[in-house]
Amino acid sequence: MLNVSVVGATGYAGEELISILLAHPQVRITDISAKIAKPQKISAIFPKFKGRIELVCKEPDIKEIAAKSDLVFLALPHTVSMDIVPALLKSGKRVIDLSADYRIKNASVYEKFYAKKHSDAVNLKDSVYGLPELYRVKIKDAKLIANPGCYPTVSILSVAPLLALGMVDADSVIVNACSGVTGAGRKIAESFLFSEINEDFRAYKVNNHQHAPEINQELSKLAGKKTEIIFVPHLLPLNRGILATVYLKRNGQSKESGGKLTELYKKFYKKEPFVRIREEGDLPRLKDVVGSNFCDIGISDCGENIIIIAAIDNLLKGASGQAVQNMNIMCGFPEGTSLT
Amino acid sequence: MLNVSVVGATGYAGEELISILLAHPQVRITDISAKIAKPQKISAIFPKFKGRIELVCKEPDIKEIAAKSDLVFLALPHTVSMDIVPALLKSGKRVIDLSADYRIKNASVYEKFYAKKHSDAVNLKDSVYGLPELYRVKIKDAKLIANPGCYPTVSILSVAPLLALGMVDADSVIVNACSGVTGAGRKIAESFLFSEINEDFRAYKVNNHQHAPEINQELSKLAGKKTEIIFVPHLLPLNRGILATVYLKRNGQSKESGGKLTELYKKFYKKEPFVRIREEGDLPRLKDVVGSNFCDIGISDCGENIIIIAAIDNLLKGASGQAVQNMNIMCGFPEGTSLT
Amino acid sequence: MLNVSVVGATGYAGEELISILLAHPQVRITDISAKIAKPQKISAIFPKFKGRIELVCKEPDIKEIAAKSDLVFLALPHTVSMDIVPALLKSGKRVIDLSADYRIKNASVYEKFYAKKHSDAVNLKDSVYGLPELYRVKIKDAKLIANPGCYPTVSILSVAPLLALGMVDADSVIVNACSGVTGAGRKIAESFLFSEINEDFRAYKVNNHQHAPEINQELSKLAGKKTEIIFVPHLLPLNRGILATVYLKRNGQSKESGGKLTELYKKFYKKEPFVRIREEGDLPRLKDVVGSNFCDIGISDCGENIIIIAAIDNLLKGASGQAVQNMNIMCGFPEGTSLT
Amino acid sequence: MLNVSVVGATGYAGEELISILLAHPQVRITDISAKIAKPQKISAIFPKFKGRIELVCKEPDIKEIAAKSDLVFLALPHTVSMDIVPALLKSGKRVIDLSADYRIKNASVYEKFYAKKHSDAVNLKDSVYGLPELYRVKIKDAKLIANPGCYPTVSILSVAPLLALGMVDADSVIVNACSGVTGAGRKIAESFLFSEINEDFRAYKVNNHQHAPEINQELSKLAGKKTEIIFVPHLLPLNRGILATVYLKRNGQSKESGGKLTELYKKFYKKEPFVRIREEGDLPRLKDVVGSNFCDIGISDCGENIIIIAAIDNLLKGASGQAVQNMNIMCGFPEGTSLT
């Protein structure tokens, strides 16, 4: 049995992590913590856990967490993880960090988008970007996983084959992404009140979202050259799920029909347990993936343009599901344990 | 033209008041105020008003408001209105208060439910409960209207005929009421975040809601004896509307069939422009009233029991619509002006 | 491995059954059928099953189903199951019927509410009402389970202790129940279109719902006398979950405080894995149970009245989850397998 | 008083037309018709109209409609209007057709997308595309208005200034549009059931929607050359509103900053009562326009790219509101009557 801790248990990602880990046959949750006024049973905070787990959620005590765990999940707000990670790694624990703190290798880009100086350059350098479809081998031995953001997960997976194969103009990528409200975390602000969002729909941070540099970093590697996408996120009046509609322009070489494109995607992802490519003309929708760790991808051949529709559950493949997928890889468990 | 001010313009009721008043041909809005960090155009706060009103919303200045207005709407949180009302009345202005401060005639009951000492016993005594269906004559000449709560409006209207006619056991009244989220106001709290309410439904303040004494006060008058109802409110995952399902037991005298009951309701409300009685077997639902100032009522004859279904828009007949209905009555305008 | 079939796989209950059974380690799904224009992979009908199950859904062939299965789930519309059950039982298969066809022991009552003559009196007599909390011993050896309705499950569980202990006036029970839209099945009718239900809320079949006789049958047994409740269902604008608000009047003997009532409930259900009693003053809401097989119950002491709030997921404890719970009991599997 | 009829009164657009026309001081509704099993009061079909209108809705009788009306609104499904229009025009009535039948001047394009031969070439030629911002002068004297589609209205208004001024590559236009469910009409199909749409989001008819040729026709005129956009519609889980996110590439000439672009938009639309241009950096969202006839537009300067966010209420500016705006122009009423 692997002993794991969840730090940041009261957010949506933390709550989801507990749900998945409770059903994992090779894992025992040994510590649950969060920024919290006074210690409280996690089942009092989330009554759905009543009768399923008795642990008390309290302020994180790093020494205690290190003593009780083999692996630690950090589901903390951005800019907070980097204060905790060094001590955990030093004590020999493996860490899966769901925040953005170790995703962007260029610290100055991180600092621009997250408005805080990066305090842990050493571990930033060694962190592994936890997208199994691209980095499975490195994940296996990683000490510190930078679990990808929700928008980046779906954006990168949706275009990786086209960029890797050099079939599209890398500078033409437009990602129009729409996310459910849990994507923003359990943030207490007027703009996230029910009546502000229900029956509403809006774009935000147009071409200025903090996930854009994370996407650009990975797409640049895939394309083999510096790539900057257009990224426009939108807020959907629903709880869970991200649907990305991606517009790309073919470059001169690419003439493949839609059926052929679909084949290329299937081949690219043929060993991936959590990427499903739709048949030509078939498009994923949120309900196909919400509640699962799958990323579903559909390809539309539009002449000079290619349009990709891709969908994930932002709390699963976009956060906690992918974190557990990474844990499974790191620990040699079957990759889909507790995820299917 | 009547000059009116709206104090508390940034809440849902205030926003709705402005919408209605902008369409009122005999009214000019002359001052808009609210608790606000710095003055801002109301159309910057609510972009839907862009191009329709140019006023700046700022902290309320009672002298300025009095100088600029013939009549003042107070859409303030409970316990705040009573600090402002005395000065406004003293300056000769008529006031329609949408808070609970002047609704409950027994100050000690008010103090128990609103947790604050009542500071204005004099005006409390003279305030008129602004339910036109019961108090139209008094409203006409009132200086201070205590605009009814949303739950009380629908609860009282739904059972008034049966209690007034003595047909049911007054102690048997059970009001099971379900409200949209705007009923709670624009309150910034975790429990009102989108993902906490969407796809959820819950009861709250079971038999302990602050609107129960307001309902009891009015039903006691109608029944001619002290009456205490069972009142259980619930929170619906939608923006607007209250549906009340009311259970009553007939007393010995009542044997009327459903059709006859419907006739009695129609007769009781026959001159009311905003109460609609459904034919026997026909029940109102929220969409029949949302966006309008109507209260729709349907009656089900269940043998010894009578079940009433009644619906209103909590922001219109349950708040701002009724406030304007009261203004129309007070000022001699056609009662439905800007409301139909 | 137990071989099971799902008949009626394209409805919400059938879809949910497949989800649960796919995760069940001792079960193999061997046949999937439904009323369907032409055979189609179930993963084409529900893309969420892509990569998880390859079976084709076709019109039910009873002989084939019997040949391939040890146990058959019928997730069919009411009045259809009774045409199929006799042949399945005759071939020695055990059947769990999610329709109403075998729930109401009095065929004439069934016929009144379901508008069809009952054609299988023999098996109706021997069917076992599949509510484990009341009939676990009988379920163990049953050939035919009449899986309870969603409203009846939550209604019966919510008041069983009070009726069994004789603490309330059995004729005073009022069940005000609110259900998500999947409760109505995947019915193609104007009244179930998105824009007809979204932002709306309504009562329907006031004191005339087909689940009332089912509830009355079981409450009468518990109370030891003929009992008729008042039952008013409502339609919530959300996908899953039922919350029942139940009003009861104490009879002369009962003076127990809320804390004592809570203790009595805990004692009554102390061995039940899927009933959770809340501490005094704590009330369940839909999100506590949606996605799980739990029934959560909270008790409010209101003097002469007792108010119970109870919640289930209508597709799990109210249908497919309970069906699998029954299967687990029948087959000697741990009762919570694939349900926690 | 202008006598008007509404044909197709039971759809969402028809229902909305009645609401607007009831509040119009210079209009009297004289006939209401629709495909309907048997004649019924419109207030029985839509209880929200109880007490507000007494007309009976019945199958359309063209002679009777012509006899009773000065102007006729057709809110019929596509391919049906063209069977009725010739007779109405022949009898001298003015017609505002909300269907697509008279929007696309090239009948063969119409026939391809609407799968029916166009039967009224004569009136198709003379019909006026009812977008007041482009065709106000022609609308004034038109006999037959082809009221624009909802997606085309928001798409055309959002890019008209850039195309008219030649500032962008006309072939680069990508319209990613998201619509509420009423946009599809009151269509009874499984895919429009509440539980199929709630908590879901999907793209559909990717680059193959019937509104694309309508948009292309108008953009080609504005650009002065044949223009084909990429158009991807999506279905939002909400009742009303369309938000379009439009991506354009500047052509060589254009270097204007965001502030300058905003100025150009303001100038282009400066006399338009129902187009509101946001200040630089400010973006419209659905709630700013739902319930109103406004089209709100925000411009984002993204270097070589320009991103426009535009929003309308699909039933108002996207259908019935614009139809009444056209009527007001045709009849010389103030353009905003009953729309503000």
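Structural remarks
Think of it as A, B, C and D in the order they're written, each chain with its own count starting at 1.
Note that in this section contacts are C-beta pairs under 8 Å (C-beta built on N, C-alpha and C of every residue); 3 or more make two chains touch, one makes a residue touch a chain.
This one's a predicted model, so the numbers in the text were calculated from it and none came from an experiment.
With every chain reduced to the mean of its CA atoms, the largest distance from subunit C is reached by D. Across C-D and B-D, it is C-D that has more C-beta pairs touching. The distance from the centre of subunit C to the centre of subunit D, each centre being the mean of the chain's C-alpha atoms, comes to 46 Å. Chain centres here are Cα means. That of subunit B falls 39 Å from that of subunit C. Averaged Cα coordinates give subunit B a centre that lies 37 Å from the centre of subunit D. Residue positions of subunit D touching 2 or more other chains: 196, 198-199, 237-239, 285, 287. Those residues of subunit C lying in contact with subunit B across their complex are 174, 176, 178, 196, 198-204, 206-207, 230, 232, 234, 236-241, 243, 245, 247, 283-287, 290, 300, 302, 305, 307, 309.
Partner subunit B is touched in their complex by these residues of subunit A: 12, 180-182, 186-190, 192-199, 237-239. Listed in rising order, the residues of subunit B touching subunit D in the complex are 23, 47-48, 50-52, 199, 276, 278, 282, 284-285, 287-289, 291-292, 294, 296, 340.
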